[in-house]
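Here's the structure we're looking at; comments come further down.
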Amino acid sequence: MQTKTRKLDHIRITVDSDVEHPGKITLLEHVELVHRALPETALSSIDTSIEFLGKQLSMPLMVTGMTGGHPVAARINCVIARAAARLGIAIGVGSQRAAIEDPSLEYTFRVARDCAREEGGDVVLVANLGAAQLVAGYGVEHVRRAIEMIDADAVAIHVNAAQEAFQPEGDVDFRNAIDLVAEVARELDKPVIVKETGHGLGYEVVYVLRGRGIRFFDVSGAGGTSWVRVEYFRARIRGLQGLAEAAKTFSSWGIPTAQAVVETRWAAPDSCIIASGGVRTGLDAAKAIALGADIAGLALPVIRAYTVGDLDGVIGLLERIGMEFKAALFLTGASSLAEARRLPLIVSPELESRLQARGVKLDLYLNGARLLFKPGETCSNWA
Amino acid sequence: MQTKTRKLDHIRITVDSDVEHPGKITLLEHVELVHRALPETALSSIDTSIEFLGKQLSMPLMVTGMTGGHPVAARINCVIARAAARLGIAIGVGSQRAAIEDPSLEYTFRVARDCAREEGGDVVLVANLGAAQLVAGYGVEHVRRAIEMIDADAVAIHVNAAQEAFQPEGDVDFRNAIDLVAEVARELDKPVIVKETGHGLGYEVVYVLRGRGIRFFDVSGAGGTSWVRVEYFRARIRGLQGLAEAAKTFSSWGIPTAQAVVETRWAAPDSCIIASGGVRTGLDAAKAIALGADIAGLALPVIRAYTVGDLDGVIGLLERIGMEFKAALFLTGASSLAEARRLPLIVSPELESRLQARGVKLDLYLNGARLLFKPGETCSNWA
Amino acid sequence: MQTKTRKLDHIRITVDSDVEHPGKITLLEHVELVHRALPETALSSIDTSIEFLGKQLSMPLMVTGMTGGHPVAARINCVIARAAARLGIAIGVGSQRAAIEDPSLEYTFRVARDCAREEGGDVVLVANLGAAQLVAGYGVEHVRRAIEMIDADAVAIHVNAAQEAFQPEGDVDFRNAIDLVAEVARELDKPVIVKETGHGLGYEVVYVLRGRGIRFFDVSGAGGTSWVRVEYFRARIRGLQGLAEAAKTFSSWGIPTAQAVVETRWAAPDSCIIASGGVRTGLDAAKAIALGADIAGLALPVIRAYTVGDLDGVIGLLERIGMEFKAALFLTGASSLAEARRLPLIVSPELESRLQARGVKLDLYLNGARLLFKPGETCSNWA
Amino acid sequence: MQTKTRKLDHIRITVDSDVEHPGKITLLEHVELVHRALPETALSSIDTSIEFLGKQLSMPLMVTGMTGGHPVAARINCVIARAAARLGIAIGVGSQRAAIEDPSLEYTFRVARDCAREEGGDVVLVANLGAAQLVAGYGVEHVRRAIEMIDADAVAIHVNAAQEAFQPEGDVDFRNAIDLVAEVARELDKPVIVKETGHGLGYEVVYVLRGRGIRFFDVSGAGGTSWVRVEYFRARIRGLQGLAEAAKTFSSWGIPTAQAVVETRWAAPDSCIIASGGVRTGLDAAKAIALGADIAGLALPVIRAYTVGDLDGVIGLLERIGMEFKAALFLTGASSLAEARRLPLIVSPELESRLQARGVKLDLYLNGARLLFKPGETCSNWA
């Protein structure tokens, strides 16, 4: 099957079907911010701005990469870029492999930059390629081409082993992938973000990558879009009974987002962390920042908002999230992201116990690794 | 929108809609009193009286402030006052801002005092103004006027940041609020009660306020009326989609009542604590007293009882709560509030863990801070 | 209302309505026996016999006191006695107050002894009076009359404060009750069993009673019949709205049976303990014995079995429970009650935490107090 | 009733009725494998082979013994054997007692070996007899006959006390069973596997058996087929009300599979462990191996797949499980079973607490006993 067709498939399924981890949660629900009855601040004086990849965001929010490689995708990328430029948040595009292979498709990605500029915004834009492509032979020059194609501020190398494992045509060879990612990162002059796609980065992988020089991570944990579940729907549609059942078994596989954020910060305290996977509200985003992330990312709600309401839909969604994010800071008495990072948190015994099993002592984390850097502090100065 | 109209709006919504914290509980459900099979007391010899603000209550119960500023509200305040006078419990009125701004409305508050006197009762009556008004320019003279307006025994300065954050016209500036409250308290010769409105006082705020001389707290925690949820209904009615969704996200925001009581007593052991927010039965009230509160307060059930049954409805409700309260003491073998405060408690691991996250070691609390004062001991002698 | 009428009321309601603690459980569900795949015993060689009050039971089971004082009750007492005699288990009669006040009713209790004898059985039979009656003036001579009336092996003094608290005509004076019970016990030459009626004995009460010479306890904990709930139904029928609501609030009040057994054994290690309240299967009974009880008791299922199936119904029920009890011992590899008492147990963290809150360290209990005596060892030799 | 008829009964009920432990789970759901976003392996290079009883399996999977003794059973055994031979996994036959008693039925078991050979496969095949038969008089010669009948690689001596306890005709004498099993094991030159049938092996039994020389265990824990539940259905069909109710009470009796695996490895670290009972997916199998088992076994799904889809059904099921098993290893970054055994695990507090109650300290287990041997290392070299 063509990459192009598959991409449209994916969009259709994610928009129409129930593709989120069934019964699984991000565990951000297990993190509670503490109400401050007298905030000693004004909503209007709360500063949510953050430096990300050398540019200023109005809010630590990112629409993570979803699409490209098709006229429909071009339209989506343009709309998301416009909304982001207006609101001052970051965006990514979907995997650029299609355009690397067929340059006539480059425009479907480039619109992200172009439309943002038309809005007068100097949007933070992240390119996207898969680690599996590196294993399959792509080198630094392909990655560079992806970056240049859209004048990106960084490139996300996505890792999606869980999804690939349940595709008939899946790329299920990740040997040497860490070496290859590290090599690309070493040769590029833009940062490489290692990015999951909904099943979560964990301690072991992050620790090794950090040792190899990677300092940007999009944890994309379990609790939101489940790519295994998307493949379950695809297998069912195509009558692949066995594959469908197997995919179902793994539908909620992965490391929940809250846990992934903590594991990542614990493994690489000086890294820049994007918390995505099931982030649905500004309250989720605030919890993620308080827990140790620098930026909160989301994907699925944005494409759904686009489908229902086009540009207005996307802007409405992002404004609502922004409103909630500010409210969360206001109601906890935090006037800035730096203060948000120091907030007291009530973490459920269940999440605490999971972290313990992963080698993280919660109180050491909250009072230690979490507090080493301010949000954004590790997101711009890279070597 | 006019304060006056908004107030009626509020009453209508709280009476008719499901405005309680969805899925959230007061955590009084996580506190269990222990049955004493042989109580060694007689129901009739149980003494539930308590001194509050220099007067004697027959029972540590208060109907906290709800309304005023409208003919309908006047009627409600009168009925509540009559019931309270008959039963010997305390009451408060709703925010008196409307009457400060328009003296022709003063009567709608004054009825509380007048009707109580008609019943021959020397009811404890608490005035009410918002901290946001202090930030907006009100000074000690306005507060004094509110007190004098109803010959109040104390004044509650309510803090409702959570609600304000989800009003289009919200007062979302709480800078300096603590200073302003402290200043008012210093200048008045009646006590200032800092009062939440359903999202809970917590350790940090109480600790600072106590340091600034405040010694009365109405914790009004999460689990009962959620003002964010009220605003959610209002936003929906007014077609404010984004605001409604954001309010929904925060519908169950806040510190549950049981937790708020403990945090408050821990932060200010020598304070007088009203436990409100989701108190629905005399058993809830007894748990709150045992856990460290001096007085239990409630609001929503009273206005609903009024709507259904007028004076008889309110009296019926309060009598039932009184009966339950006495039964709780009887069945735990406590002959007085002082004994109730020393009862053994079974606290769920979940609440214990939440308190731990908030810096409270449960056994130290139960055997320490909780036992320092008898109920009411800290509620009358203020400087 | 007449005691006699009330008694019939009670039977009707308990048989027809859902009178068990709503949502509350005995916590025997939180105790798990461990399967022994190779039991090294034969079902037929398991000895479940136990000495109780100087006589031999075939199984540590008792139908606790329910009724008397009415022709219908006489019939019930006779049937239960026959079944018990055939199966070799113990029984009690309901409160004998009615017959003390009106000797023409004595036969309704005496049938228990007579019918048992007709079956040729030397049944263990327990008389019954209320502690509230002692407070109201009954003395040792009344208790002696109750014992003699049925040639009882012991007398249960029931304590039912929870029920009385929600009766309009309730006896809610328990002052001096402990003294009075202790005095009666001292003067009688048959043992006094202090017996709850479905809301549970706890540490404090048992500890004091043991210090006053009481050594027999029927814990009758929460999880089975809730007498407060019975009174809720009665209040509703009689249109007493406030009382009904208050009773509803306390419907599941009390100490769950499993917890009550442990608290009782902890407070009085050398006592004879009947575990009743929600015992519904032989597996429940086996858990209760393993946890520290000497005898398992039940009431409600027996009267319901009587209603549906008369003598055959009662025998069928008790045989099924016996079968389950033996199976539980067989499948845990226990050949006797003494071995059952030493079985490993899996106790849920929730029950462990509740016991901790009550001053009981679970492992010390299981390996200490629990093992001091064999089942029955403390049930016969009294001074 | 004839053994033969009973066996068909059993098959019909297990296939048609809901015979799995109601509400009980294997607790494998309480064990979580940790996603490895960058696996550093290729799906195709994962080696799942294992040596079992001297032969090589392609995957650590076994269809445990179910049937024989009837023409229908012969057909089932043949189909399962063909599927196993094609896929390279192990199988067992059901109890061979019928054929020992009536040699004309031997073919119904022998087909397992014959059909496997027709597929050209050198399948691992396990004979089967009940421990209760040993107690009833069978000796080593009967067991040897069962082995020779099918040229088996080992013999499973099943222990099914729970089932027998709820059969009217049950063999409920297990006195000396351990001695008898040990004696047989000593005299045979093929290994004896002590095998539960769905209610779980536990620490005590395994510890004693290991001391008597047994080194192969099929834990067959609670969470899958419940034989007590099967007997419940049979009793109901036959109108045995009391027996049916008693069986219902014990429907979910037993040690959950995950717990049984750990207890077994803890009691006998150098044993070969088959994890069966509720294994339904390859993910379950992978968890079982990671937790300490050598082989994962299953029964019920296979006979159901046979009923619905004959040979194709069985192959489809086993292939799907194989696919899931490989995916689990791939997505945790394990290239071999040895690596799978060393994977980090997230064990729920509930399972941890249950293990603690059973004398197993989880972290000592995971980092100690679990790691002593590689999967399969203890499954071939026996004396």
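A few remarks follow.
Note that the chains take the letters A, B, C and D in the order they are written out, and that residue 1 is the start of every chain.
The criterion applied here is as follows: contacts are C-beta pairs under 8 Å (C-beta built on N, C-alpha and C of every residue); 3 or more make two chains touch, one makes a residue touch a chain.
The shown structure was predicted, so the numbers you read here are calculated from the model rather than taken from an experiment.
Mostly differing positions are employed by subunit A and subunit D in their mutual contact, as under half of the interface residue numbers are shared between these two copies.
Look at where the CA atoms of subunit A average out and do the same for subunit D: the two points lie 43 Å apart. Distance between subunit A and subunit C, defined via averaged C-alpha coordinates, is recorded as 61 Å. Taken residue by residue, subunit B touches two or more other chains at 349, whereas all remaining positions touch fewer.
A ring topology is adopted by the chain contact network, closed into one cycle in which each chain touches exactly two others. Residue ranges on subunit B touching subunit C, taken from their complex, read 34-45, 281-283, 316, 319-320, 323-324, 327-328, 330-331, 333, 344-349. The touching residues of subunit A, counted against subunit D in their complex, run 131, 159, 161-162, 165-166, 170, 172-178, 181, 194, 196, 199-202, 204-205, 209, 222, 241-243, 245-246, 249-250, 253-255, 349-350, 353-354, 357-358.
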